[in-house]
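Next, two complexes with subunit A in common: one pairs it with subunit B, the other with subunit C.
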Partner chain A sequence: MEIVVCVKPVPDAETRLRASADGTTLDIEAVKFVLAGYDESAVEQALLLKEATPGSKVHVVSAGPPPRTEEVLRASLALGCDTATWAEMPAGIAPDPVAAARALARAIATVPHDLVLCGKNAGDDEAGVVAGSLAELLTVPDFSDVADLRWEAATSHLKFQRSTEAGTESWEAPLPCVIALQQAWNDPRTAKLPMILKSRKLPIAKVAPEAAAAPAGTSRPTKFELPPPRTGAKLIEFKTPEEAAQKLVQALKEEAKVFP
Partner chain B sequence: MPDFSLTPEQESLRDLARKFARTEMAPHAAECDRTPRFPEEIYRKAYELGLMNLNVPPEYGGSGLGLFDQCLIVEELAYACGGMTTSIIANCLALEPILLDGSPEQKERFLQPFCGEYHLASFALTEPSGGSDPGAMHTLARREGDHYVLSGEKCFISNAPQASLYTVFATVDPSLRHKGVTAFVVPRSAEGVTVGRDEEKMGHRASSTASIRFDDVRVPVADRLGAEGTGFSLAMRTLDQTRTPIGALATGIAQAGLDHAAAYSLKRETFGKPIAEHQAIQIKLATMVQSVHAARLLTWRAAWTIDRGQKGTLESSIAKCFASDAAFAVADQAIQIFGGYGYMREYPVEKLLRDAKLTQIYEGANEIQRTVIARELLKGYT
Partner chain C sequence: MTGPTLVVGEVHEGGISDATKEAVGVAQSLTGKENVVGFLAGGTARAASAGFGRLGVGRVHVAEDPRMDGATGAVLAHLVAAAAESLSAELVIVGGTTLGRDLVARLGIRWNAAVATGVTGLGRVDGALEVRRPVFGGRATETRRLEGAHAAVAIRPHAFPAASDSPAEVAVTPVSLEGIPGPLWAPKRLRVEVAVRGAGPSLADATIVVSGGRGVRAAENFHLIEELAASLGAGVGASRAVTDAGWRPANFQVGQTGRTVSPQLYVAVGISGAIQHLVGMVSSRVIVAINSDASAPIFRVADYGIVGDLFQILPALTHEVRRARGM
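Now for the complex of A and B:
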């Protein structure tokens, strides 16, 4: 099975974030970019499928500007992906999701692909648009919020689950298709040191940006604000547990107004 | 042009070590310190990720990193736990003599099977009568045909209880002093090798430390490293290579102390405001961060010098000595900033002081480092 996994560099959760000078987006200067959490589990899923299905290969693709896109591709190679393809985009700007899907589709066209895996959305914009757009561009079906993905060789079908608020659905589907994976239900592996060193020397195929005449993305951000700082907690002082409970209930009723 | 930025590869190596340190080591650091416990499962994971035999070339199953890259990793590990880091990097120290003076045949015979799976090794130089004067060692290597017969005792040997291989320094003739010292590779399983009890230590309690007795242990001549009498030079050249990572280890402890203290100073209030707003605390923090930066830069400079193929004795001694003193001072000030809480075992900073203390003593006590520094310095004036 030829498995494509799409990854995106997103700001490290430990980075201190701030708005850009024009206030429309995140300031990416001095931000450390990492493989998105959902994508990390998508890579893990791709590698698990590869290991369970002899003769399979995992092709990692990413669309985005240098240098961060190259770094997440190398991180994926270090985890065990076989090839890497980079749909190059102009420096600095994070592509809007539809533009990213277009670029990814062009990159995917250059590698063999039976199955395309994505994280269900990226850890930064949380848009969740790429997988659906990709399916449209590749004219294959797509499934979202997928967990517990397996390949059943006997029937040549994928088997997986979708957890919704209404319950858990079990599905089977033939290839080709695009699958947007749920959060980290698997335990993503850590790249070993020799693989990190090796990944620096592996080639990355590049797909040039679309010609200038091609349609730009259809959306643009207009304003970006960080969440307001949290306000202080209230400490209840007490001498006996009874007094603590009484004061707490009173505060919940009169101040927080969570009880009538 | 000097350049203090890391390459993407170095950032990836540091990220790997940081992730391992914070997710696998840090959650167990307090428990392993208190019990004390030698967390073999953590060391096994470190081995599997390639974080253990950092200095051994890939053809012998190691990671083959230069000293600078080793230091990046060691600092991150030590940020989580100095003691665990000592046990993780003990192999680098123990195997360095084989890398330096082992014949190709010895490297293949000892390193390949050793690094091919999880094993620990120990460097056995120090004796009960002293570690800073190896010329005065008592452990005797008596030649008998194609064997040497080793008798004597080594002490304070890191990982000795768990190690399967020892690099041992012994003298063929004590009257020759330095010129009698000879190095050997001795398997733990050799007849006559007895490991003492695991010592109760002040710090580095996740690491193990014991004495090793050699009672007429027969070692084939083929397991001698280099020629007879070259052991002292080998020990010194080994320490020239491994001293700098101790600077990195101390820097990691110091950075942890600074981070704990700075974060605490913003939360803890006295006289109606966070203590970080009191000048007395600001002065402490300012001094601490200077020490941490200087320790790191001196360590990087030493590693860079040695990676360029220079001996770096002066640079590595300065780095080890300065960084270990800095770690102790920063940990001390971190406790002071935490006040009474800092003295309590429940808080993380008193462990840093106990762990930092050892970095001033092992791999060449700081008194010896200063002797070396002065000697190297004065060479330029005579």
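Now for the complex of A and C:
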């Protein structure tokens, strides 16, 4: 099976958020970029499928600006992906997710692909749009919020579960398709040092940005706002648990006005 | 933009879902009642379209076919893009559900729409559509301008009030399923198990959430969390420590690798407040922390804190809540 996994560099979860000088987006000065948490799980899932299905390969693709895109591609190679392809996009933290899907589709077109895996969303813009847009571009079905993904060689079908508003849905689907994984239920492996060293020298194929913009709708960020900082909890003073309970209920009722 | 706004609904219990009612509300306040057209697909879509009529939506496109129950975003996007095209619609609004998000992602390509998901604010600025949406797990909010001839927007659950009742006659336009490529029907939904969760609301729907963490110490103590939640009519959540330990299933997890919630009231019990957890709940309106460790980071984001032993505090609190609510 030829498995493609899409990854995105996102600011580390510990990043202190600050608006850029023009106020339109995140200030990325001094931000450390890492492989998105859900994407880490997607890479793990791709490697598990590869290990369970002899003759498979994992191709990692990413769309974004240097140097962070190259870094997450190398990190994925260090984890065991076989090839890496980079669709270059202009700098900027918050590109349009559909534009990102178009760039990824161009990269995916250059590698064999039976199954395309994505994380549920990226921890920064949280759009969750790329998988669906990608599937429409590749004219294949897509499934979001997927867990428990298995390949059934006997029937040549994927079997998986989805958590939706309806409950837990059990599905089967033939290849090719795009799958957006639900959450980090697996325990992603960490890269071993020899692989990290080796990955620095592995080739990364580059796909040039699209020459002319597609005649399509797009979006651009115009403002980035942070909530006023929380000042810390008002601690409830009490001598007995009953007193604590009474004071809290009273505060929720009369002060915060959120008591049901 | 002057064309009609198409609201793609979902059938729920013979009518339309709450998420759909919220989408109708947004559409009506943005483009006016008479400019909103409904779309509904499923085995009982025609009968359920009365749910649109009750909210004053007088025109509904209906794809009544049992194959549409459990159809994917790919199939739905085919029909919706065609309907939007035939109406010369400029905006499609959907509820913030799994299917809604899948659909707008497809419309970004199929209908060349500018796309936004998780939207908590929608308006026009100098003629262009602008959306507001939380990013970074609710730690920041971005405003985005949607550019182009078409836009497709998925709103965030509970961010907008549902449309109010204002009955109208419904004129139904049937939608044909012909022309959908065969391969799109190949995936099969084999069965649906209604989510296992106590009597309370789901995490996504809850306006109050009570979550337990490592401080609960063992699976058999988690009932203390559930009892407080039941007294408040709250949804039940958990930190990653709890789901990793298998005390509760993964779908309870609130946080970076779980679910992001933003209820009116979030009660964190025995949760230290690792960034992993905070990004999933910090945009809650009011946060209460109960923890025995006064230096736990959760107290820095909480509005009210009780430093104490949860095994003593929780029974007293559940009792007091029940008393205050006359239960």
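Operating definition for what follows: the second predicted complex is superposed on the first by the 244 of 260 C-alpha atoms of A that agree within 3 Å, B and C clash if a C-alpha of one lies under 4 Å from a C-alpha of the other, contacts with A are read in each partner's own complex, and residues count from 1 in each chain.
We take it that a contact is a pair of C-beta atoms (placed from the backbone, for glycine too) under 8 Å apart; a residue touches a chain by one contact, two chains touch by 3 or more.
Since this is a predicted model, take the numbers as computed values, not measurements.
By the touch criterion defined above, A:A135 lies against subunit C but remains apart from subunit B after alignment on the C-alpha atoms of chain A. Of the two partner chains, subunit C is the only one that A:P260 touches; subunit B does not reach it. Of the two partner chains, neither subunit B nor subunit C is touched by A:I28. By the touch criterion defined above, A:A78 reaches subunit B but does not reach subunit C.
Judged by the number of subunit A residues each one touches, C leads among subunit B and subunit C.
By the touch criterion defined above, A:P67 reaches subunit B but does not reach subunit C. By the touch criterion defined above, A:A205 reaches neither subunit B nor subunit C. Of the two partner chains placed by superposition, only subunit B is touched by A:T190; subunit C is not.
When the two structures are aligned on the shared chain, A:L48 is found in touch with neither subunit B nor subunit C. Common to the subunit B-facing and subunit C-facing surfaces of subunit A is no residue whatsoever. Of all the residues in subunit C, the ones that touch subunit A in their complex are 10, 17, 19, 70, 72-74, 77, 97-99, 101-106, 108-110, 112-118, 130-131, 134-137, 139-151, 181, 183-184, 186-195, 204, 207-208, 232-233, 250-251, 253, 256-258, 260, 264-265, 275-276, 279, 283, 285-289, 294, 299-308, 312-313, 315-317, 319-321, 324-325.
Of all the residues in subunit A, the ones that touch subunit C in their complex are 11, 13-14, 17, 25-26, 37-38, 41, 94, 96-98, 101-102, 123-133, 135-137, 139-145, 147, 162-174, 177, 183-185, 214-227, 230, 232-236, 238, 240-242, 244-246, 248-249, 251-253, 256, 258-260. Listed in rising order, the residues of subunit A touching subunit B in the complex are 67, 70-71, 74-75, 78, 190-194, 196-197, 200.
On the side of subunit B, the complex with subunit A involves touching residues 8-9, 12-13, 16, 19-20, 48-51, 58, 63-64.
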